[in-house]
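In what comes next, subunit A is part of two complexes: it sits with subunit B in the first one and with subunit C in the second one.
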Partner chain A sequence: MSRRRRRGRRVGLPAPVLVLAVMAVVFFALPLIGLLWRAPWSNAWHYLTDDDALTALRLSLICSLWATGLSILFGVPLAWLLARVEFPGRGAVRALCTLSMVLPPVVGGVALFFALGRRGIVGQYLYRWFDFTLPFTTTGVVIAQTFVAMPFLVITVEASLRQLDLRFDDASRTLGASRWYTFRRVTMPAVRPALVAGAVLAWARALGEFGATITFAGNFPGTTQTMPLAVYLSLETNPEEAIVLALLLIAISFAVLVGLRDRWFGRTDRPMAAT
Partner chain B sequence: MLRIHRLLVTAVALLGFLGASCGSDDSGSEATDVPAAGPSVSGDVTVFAATSLTAAFTEIGDAFVVEHPGARVTFNFAASSELVTQIGEGAPADVFASADLSNMAKLTDAGNNAIEPVVFATNLAEIIVAPGNPLGITGVADLADPDLIVVLCAPEVPCGKYAAAIFENAGVTVTPKSLEENVKAVVTKVTLGEADAGIVYQTDVTAAGADAAGVQIPADINVIAEYPIAVTKGAPNADGAQAFVDFVNSEQGQKILASFGFVAP
Partner chain C sequence: MTLSAQIALQLGTLELRADLEVKPGELLALLGPNGAGKSTVLRCLAGLAPIDAGRIALDDFVLDDPSTDTFVEPEQRPIGFVFQNYLLFEHMSTLENVAFGLRARKTPKADARRIAGEWLERVGLAEYADQRPRALSGGQAQRAALARALATNPRVLLLDEPLAALDAGTRSTVRRDLRRHLETFDGMRILVTHDPVDAYALADRVAILDGGSIVQVGTLAEVTAHPRSRYVADLVGVNLVAGVVAQGVLTTDAGDHVVIADALPGPSFAVIRPHSIALVREPPVGSSARNTWRGTIAEVDRLGDRVRVGIDGRLPLTAEITVAALEALQLRPGDDVHASVKATDIEVYPA
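On to the complex of A and B.
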């Protein structure tokens, strides 16, 4: 397996494929180079140490991690349900649970209002009985981000669960393991690479979330103003600052994506491909 | 085989169509060059205008085309600051209409204007509340109530600057729950019932119709928003641009603006 891989690499790609692939890389790299080119490097430190920027960054990191955690907590069981349990309307449920990927985020934010806002289907009771509202709160940011980010985890984990050989689970069960033990010790370790990939995707999506957040949670420094919101608003008055803040956000995401990829996907994806 | 043949025919037909439409565009602009003077305007006029002008300018555009049947008006509505950036980056605008003087100043400072900007309309700030004003808000001072969910524009956008100036004039400290990126977002939050009050333009309250009510802000503490318009320097259709600016300032244009709640300068 690994041998064939290495040989495949040495053979090289057909020229047209290579040309198209390089064009794709350039397509992604150019806008980033554009940002780096326009960045006001002499003032960068000044913008980066700005209190508002640091507050927004901290809030972004906290909220996106919460959103990732919630996505794992609810998304893995959902993926398992969609992959393993046959029930009528499964296709419709799957479509429903991934709908927020294609919904314009601003519309997603408005839809969240209708559900959880002060006049929403559920939100009106939260407000009436507990005097509790989600819009304009940090919890609201986490909910908006989770709404938009969780599908990325669900579809990644579900695809992996579907590829998995059910005989492993069966073997575990026939050897006397409980359902829960099998889920934890057999199924989960096998889909771990997909889980990590899905979690990273969901995290990245949550970190960059803009539309649903600003619509549902609003924008207030310290409580709901995440980094993308701060970047967007500083574009209005101070494009230099916006570029620096955007680059910081990119640098953090880049470090995480590269770091995790090497650490988690380097080896673990091979046995997966073999099954 | 037959299918491929048909595909080819379609492709050729499409190419021909594209070519023809390009050709007609060219001849259109030539046609304007020949008569030069005179009221007849033709070709595309691309207007970059502030979001708050959306409804009024769309109607003005329709009326303009009735006046100049050879012309076509295309709009790009966005925040004034975004539009200035787009024009600075080379977007093909003929006309720029801003919601404030400072964004127009950015355009002129960069030398991207062909004519001296003219203020064509003004707009007053107003408190927007739920229909029927159930909380009985009477003025700016009421907004200081900490139990009230007040939503304002961010200080980065014109309506946020105006709100801050009004509170300063009134000597009131208001703690908003959110600082929205544009004025329509403030309107949405109030019309959806998530916020109790906000500060927007009079025209926004008019546009919200039955979904919201307005509480006027007295003239002595209110701010007048001025809307300037100019022909851009690189205007691909300079004649059409000038005709559009003239039309906005004409009696008919001003009448349309007034019907949307704008006040003549």
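On to the complex of A and C.
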């Protein structure tokens, strides 16, 4: 305990490290200050209560939360598979599933289009058999966001699962718990801090998603125009509105990160049950 | 009810071949050096490591038999396991830990909590029920782990190094407590330890596991009276020589000879007690000792007014002499020395 408190003090921190760290903080703060400086404060309320802005905001929140939920639903089992099951080509599978992190989002959007679009390898059957189209729909936005966001959750949870002492699972089994019960009651609670961190990262990525969304889902106000798209478009027509929307997006993300930091990330620097 | 196990398992470089039988109400200690495969035996019994060949059964209830493709999952075995470091779940209270097995077996929550509470009471941890396991001391964590394992009412209890995680100061107290709690459990118990003191204090019988094989089984007194492995010989502090007896001479695999008094021919062990070894600087002439081996002094350990001298040579030996003798002979590590023993001082028994 006392050691951790001492580490936080500035005493003993090498000067070059401190200088570089402060420069990094300034680097992140400057763009925000620039926005605040140029913000049209007198008209801000007007822009914020504008129907189009509210619609885009609502769409952004709904779609990013759906994307986060889907990332958890599929990403946790995927992380478990990658961390716990040894199978040939595991490295390749991991690379494939995290590829969209390094891919330019626009490329991801194009790829999704050729997979799930009306003429895509799967999309054509969806359309022909179920009369179901994904591109240029709100569902398409969720798909695009999930595609780019899920890897963040997968790698975070996978790393945590790898650190976990497998003997905790053994202990659970010898107490009469099935594999499924063990997964729910022992494995998942032990990686919960990582799961929350991964979910927040995935959500942040989904909220800011632009390239894949505009390529795969287009830019239709009310159905696929999320906040980042609205910011980008209003930059052409109404820079003042763009600034206000950008600040709103920043405020929401900032509030979530700060709020969660205290509640969840504060716990991760405590040694975890299984380490 | 009897637990019988014939275990064959290849695990990395360890080739485990262990046959065990534990009778009702008995506490068997598996004693052996690190890496001998002790924990792996427990894992096999619990179903955490399926065996390659052999059979594990509780009376007629076969738990693992590769030849008939029988394998009972760990959660279906009536076996409790107290792990090394106890492995209490940190995200639950102590009470929830103890109730875990009952909950996993679909006992209603209220009943599970009540039974778990009774167990905590029994092991003297009632006041810690709502605390997280990290608030418990090593000895308390061990009792919580014991309560957690016993709450599901197993018929076999496995304990893997239950005292190894404790510091020396608390170990004897905790050992006494553990003994008391283990006596109230009437099922079969197998305890893995590398400390003969644990085996002596807790076990009815010990099985010595060395290099993946059980080399000796019996009460600790029986086992130490006639060591059959280097491990036990070191434990007791005697020199053990294995070989074949023919015409009053025991010949080792390496071709060394030990002259003995009277013994039946065949594969045998010879025990040479350190205090029956005499050390001399020059080869003895006209001695009554039938055995003399040349060697180099490897180490000299003073223990009170006695000195244990380790000798390297074709037949490595440990001799015990007095401080006076050490000073008279001026023995130092690196010196050449002759070790001699009378044939009548060597105890020989069949392997």
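We take it that the second predicted complex is superposed on the first by the 259 of 275 C-alpha atoms of A that agree within 3 Å, B and C clash if a C-alpha of one lies under 4 Å from a C-alpha of the other, contacts with A are read in each partner's own complex, and residues count from 1 in each chain.
Please note the rule applied: a residue touches a chain if its C-beta (ideal position, glycine included) is under 8 Å from a C-beta of that chain, and two chains touch if they have at least 3 such contacts.
Every value quoted in this text rests on a predicted model; they were computed, and no experiment measured them.
Aligning the two structures on subunit A places subunit B and subunit C next to each other without any clash. Look at A:92: by the touch rule set out above, it reaches neither subunit B nor subunit C.
In the overlay built on the shared chain, the residue A:23 is in contact with neither subunit B nor subunit C. In the superposition on chain A, A:239 makes contact with subunit B only, while subunit C stays out of contact range. Of the two partner chains, neither subunit B nor subunit C is touched by A:15. In the superposition on chain A, A:165 makes contact with subunit C only, not with subunit B.
Contacts of A:102 after superposition: neither subunit B nor subunit C is touched. Once both structures are fitted onto chain A, a short way to say it is that subunit B and subunit C open up an angle of 140° at subunit A, using Cα centres and rounding to the nearest 10. Think of it this way: put the two complexes on top of each other by chain A, and the tightest Cα contact between subunit B and subunit C is 42 Å.
Note for the complex: subunit C touches subunit A at residues 43, 46-48, 73-77, 79-81, 83, 87, 89-92, 100-101, 103-105, 148-149, 152.
Considering their complex, residues 79, 81-82, 85, 149, 151, 154, 156-157, 176-181, 185, 188-189, 192-194 of subunit B touch subunit A.
Touching subunit B in their complex are the following residues of subunit A: 110, 113, 117-119, 133, 135-136, 214-215, 217-221, 224-225, 229, 232-237, 239. Subunit A makes touch with subunit C in their complex at residues 165, 167-168, 170-178, 181, 185-186, 189-190, 192, 272-274.
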